[in-house]
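Below is one structure; the comments refer to it alone.
For clarity, chains are labelled A, B and C in written order, and residue numbers in each chain start from 1.
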Amino acid sequence: MADVIGTWIAALLTIAITSLAWKDQPASKMANHIYIGVVTANSIAQAWANIMNVGINKIIAGDFLYIIAILLGLLTYTRYSKASFWVYRYPIALVMGIGVGTSMRGLVGGSFLDQIRDSFFQLAVPGDAMTSVNNIIFFVILLSSLSYFLFTVRAFRSETAIKFSTLGRYAMMGAFGYSFANTIATRINQYAGRIAFLLIDWLHIAS
Amino acid sequence: MSSSRTYKRQIPLALTFIVGIIVSLDWFIKWDPLQTFTTTLMNFQIVMVAFMMGFAGVNLVYLHSRRIQRNMSENKLFDALLSVVLLACLFIWVAVGIGMGMNSDTYKWLFNTFNQSLSATAYAATLFYLASATYRVLRIRSTETGILLLVGAITICANIPLFTAYFPILGTILVWISDGLVKYSYRAITIGVGLGGILMGVRTLLAMETGYLGATEE
Amino acid sequence: MATKKHFLENIPIGLYFLIIIGAMCYIQLYPLGLPIPVTEMTKATYRTVENLNEGDIILVDQGYGAGTIASHEPGFVVVFKHAMRKGLKLVILSTSVEGPLLLDSALAKIRPESRGYEYGRDWLHVGYVAGGEPAYAAIVQDFASTFTVDYEGTSLSGMPLAQELIAPTYEKIALVYVQSAGGDVCEGWIRQSAVRYDIPMIQQPLEMMVPTILPYFPVNCQGILNGGIGAAEYESFSGLPGEAVKLSDMLSMGGLVVLIFLILGNIGWFIRPKGGD
């Protein structure tokens, strides 16, 4: 019985949210507000579980260092007080430092060195003209796309350089076209899941 | 005044620098005590970020409480009701999730009925805005948009088994587009973003970017 | 003065939406069942899993929410089934707040117990972890320092699989499998596991995030599943059919309608008299 009621509520909420695309009306507004409330609440519940698992359970197990973590977490709520706002800066400074240190060390390798290393591929492959032509085209695309972002080097303001970077711009537009098509595919896939739910689980007219 | 500026601003900035350097050093120096310390710091991060996830709830309560007051005074009863429903859902879900546990049958029923359908549909319904924009706005007005739409159309066709079943060449073209055109164009963007990220990180550690401290007098 | 739009540019938008929904509903009721071409990227993903040895551990970030369940759940299910076929072990965590609650739905389709898979010995679920990239780094360095209990609250000290992940955890993980709607999560895992420790990795971002991850293929990321399309290809290639194959027909029809209207809009724009626009 609970499953049947749940399916009906889910189906009606699905239709209410979809109707937002046609017109903003009371049903869609209500569904939207419920959505914001329940999603935020779920985040809070999960965060609580995380604090218990990673923080409190360790303190109970005897690792009292995590008391500092819990205290720092609680101190973040001083941001809501004008007088003690400055206290909030301590935990946020730690969060920023840890975050920046962690991501920066990987950026050098992942987004920079490995990318450059992988770009040094064999341009001319003996006996395979098609692959050779493709490799040359791709290398030119890479260089021209890179040159598009060089704004501060005087040599790249010449007419030849501008034409070369225009080639990069065209290549990037092609890439954005691929991205656009994939975005449509993503949304269609997600909506297909909702249609499948409505037809199979709610109306039982499809298998 | 200067001593309050020290503990309100300078010490947090110094803390960011010290912690950031220690965490970065862990990448280069293979020393067990350092690795243990940085792992502990990262676990502290998990706990602190989990606490910060409560900010959304606090902000919602503050915002919608004021809306209820304002809408009631202006006699906009439906708008007030919307805020009441939002806050009611927030409190009920939090109470059940924390009180009964997220593994309880009640919470799972609430999640599967409300969260799942609402999240899935809210995300999926953007299809209509995208489709509407595609139909009304995307026009071949220049070489750039022409290339964008041509590659986009080919990709859409190549993702449709209906076309690839009769025109297998579309698969080959799609591979050329994805493994060549897209990969190397986005590689340029990735390198640029990587450089930008490194520079922003250095600026943050050197206290040249202080926006994260919040805007106050000191 | 603006010129009058051609009728091809002026088809009522409500009708357009109804045609999209109607076409997708029709194909759900009367599926075409067309063969799905499999790309090299999906084959590379399959081979990465296939080349693992029995008993190897896969760290899975089931980082999807209800918004992207239609794409990600089939991918999770098919890779889990493939792993079971190979006798691999899985440790599941989630960087999405909704991920742990969606696992039941996926497990109902996988039924690990039907293959003799025992929880705690062959697979493990530790739930949601906040913190972003530092959390990934902490998990890969020392799993036990971050997780002491599983998602149900049971201590990990009694679970054989958790004991296998004692520091240095990066030496014990054979593969990292990341599912996420966000490019920052995918790139974060690449940096903290693949770049730092050379751990093989496969990813399933959403279709629209794939271009962001493509530069890392195959240098840091040995396989990429192109969202729901990639999941359908994987199901087809591995001989483990599932939900994604069924959804691919609806993708075909929806995509076709959008393409037709895109072309109609541009034809209408080209053939209307220009001037004063």
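In this text, a contact is a pair of C-beta atoms (placed from the backbone, for glycine too) under 8 Å apart; a residue touches a chain by one contact, two chains touch by 3 or more.
In this text the structure is predicted, and so the values were computed from the model without any measurement.
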Steps needed, at fewest, to go from chain B to chain C via touching chains: 1
Chain separated most widely from chain B, comparing mean CA positions: C
Central chain of the complex, centres being mean CA coordinates: A
Cα-centroid distance, chain B relative to chain C, in whole angstrom: 17
Chain A and chain C, separation of their C-alpha mean positions in angstrom: 13
Averaged-CA centre spacing for the pair chain B and chain A, given as whole angstrom: 5
Per-residue overlap in chain C, given as positions that touch at least 2 other chains: 17, 67-70, 98, 100-101, 129-130, 132, 134, 137, 146, 196, 210-211, 215-216, 229, 251, 254-255, 258
Set of chain B residues in contact with two or more other chains: 23, 27, 40-43, 45-46, 49-50, 53, 102, 111-112, 115-120, 122-124, 127-128, 131, 134, 149, 153, 156, 159, 178, 182-184, 186-187, 190
Shared-contact residues (touching 2 or more other chains) in chain A: 21, 42-43, 46-47, 49-50, 54, 98-99, 102-103, 105-107, 110-111, 115, 175, 178-179, 182-185, 188, 190-191, 193-194
Chain B - residues contacting chain A, complex: 7-9, 11-13, 15-24, 26-27, 40-58, 60, 78, 82-83, 85-94, 97-98, 102, 107, 109-131, 134, 143-145, 147-153, 155-156, 159, 176-178, 180-195, 197-198, 201-202, 204-205, 212-214, 216, 218
Chain C-facing residues of chain B, complex: 23, 27, 35-36, 38-43, 45-46, 49-50, 53, 102-103, 108, 111-112, 115-120, 122-124, 127-128, 131-132, 134-136, 138-140, 149, 153, 156-157, 159-162, 164-165, 168, 171, 174-175, 178-179, 182-184, 186-187, 190
Chain A to chain C touching residues, read off their complex: 21-22, 42-43, 46-47, 49-50, 53-54, 57-58, 61, 98-99, 102-103, 105-107, 109-111, 114-115, 117-118, 175, 178-179, 182-186, 188-196, 199, 205-206
In the complex with chain A, residue positions of chain C that touch it: 14, 17, 21, 24-25, 28-29, 67-71, 97-98, 100-101, 127-130, 132-134, 137, 146-149, 153, 187-188, 190-192, 194-196, 206-208, 210-211, 215-216, 219-220, 226-229, 243, 246-247, 250-251, 254-255, 258
Residue ranges of chain C touching chain B (in the complex, touch as defined): 9, 11, 13, 16-17, 20, 32, 34-37, 39-41, 65-70, 98, 100-102, 104-105, 129-132, 134-135, 137-138, 141-142, 145-146, 151-152, 196, 210-212, 214-217, 229, 248-249, 251-252, 254-256, 258-259, 261-266, 269-270
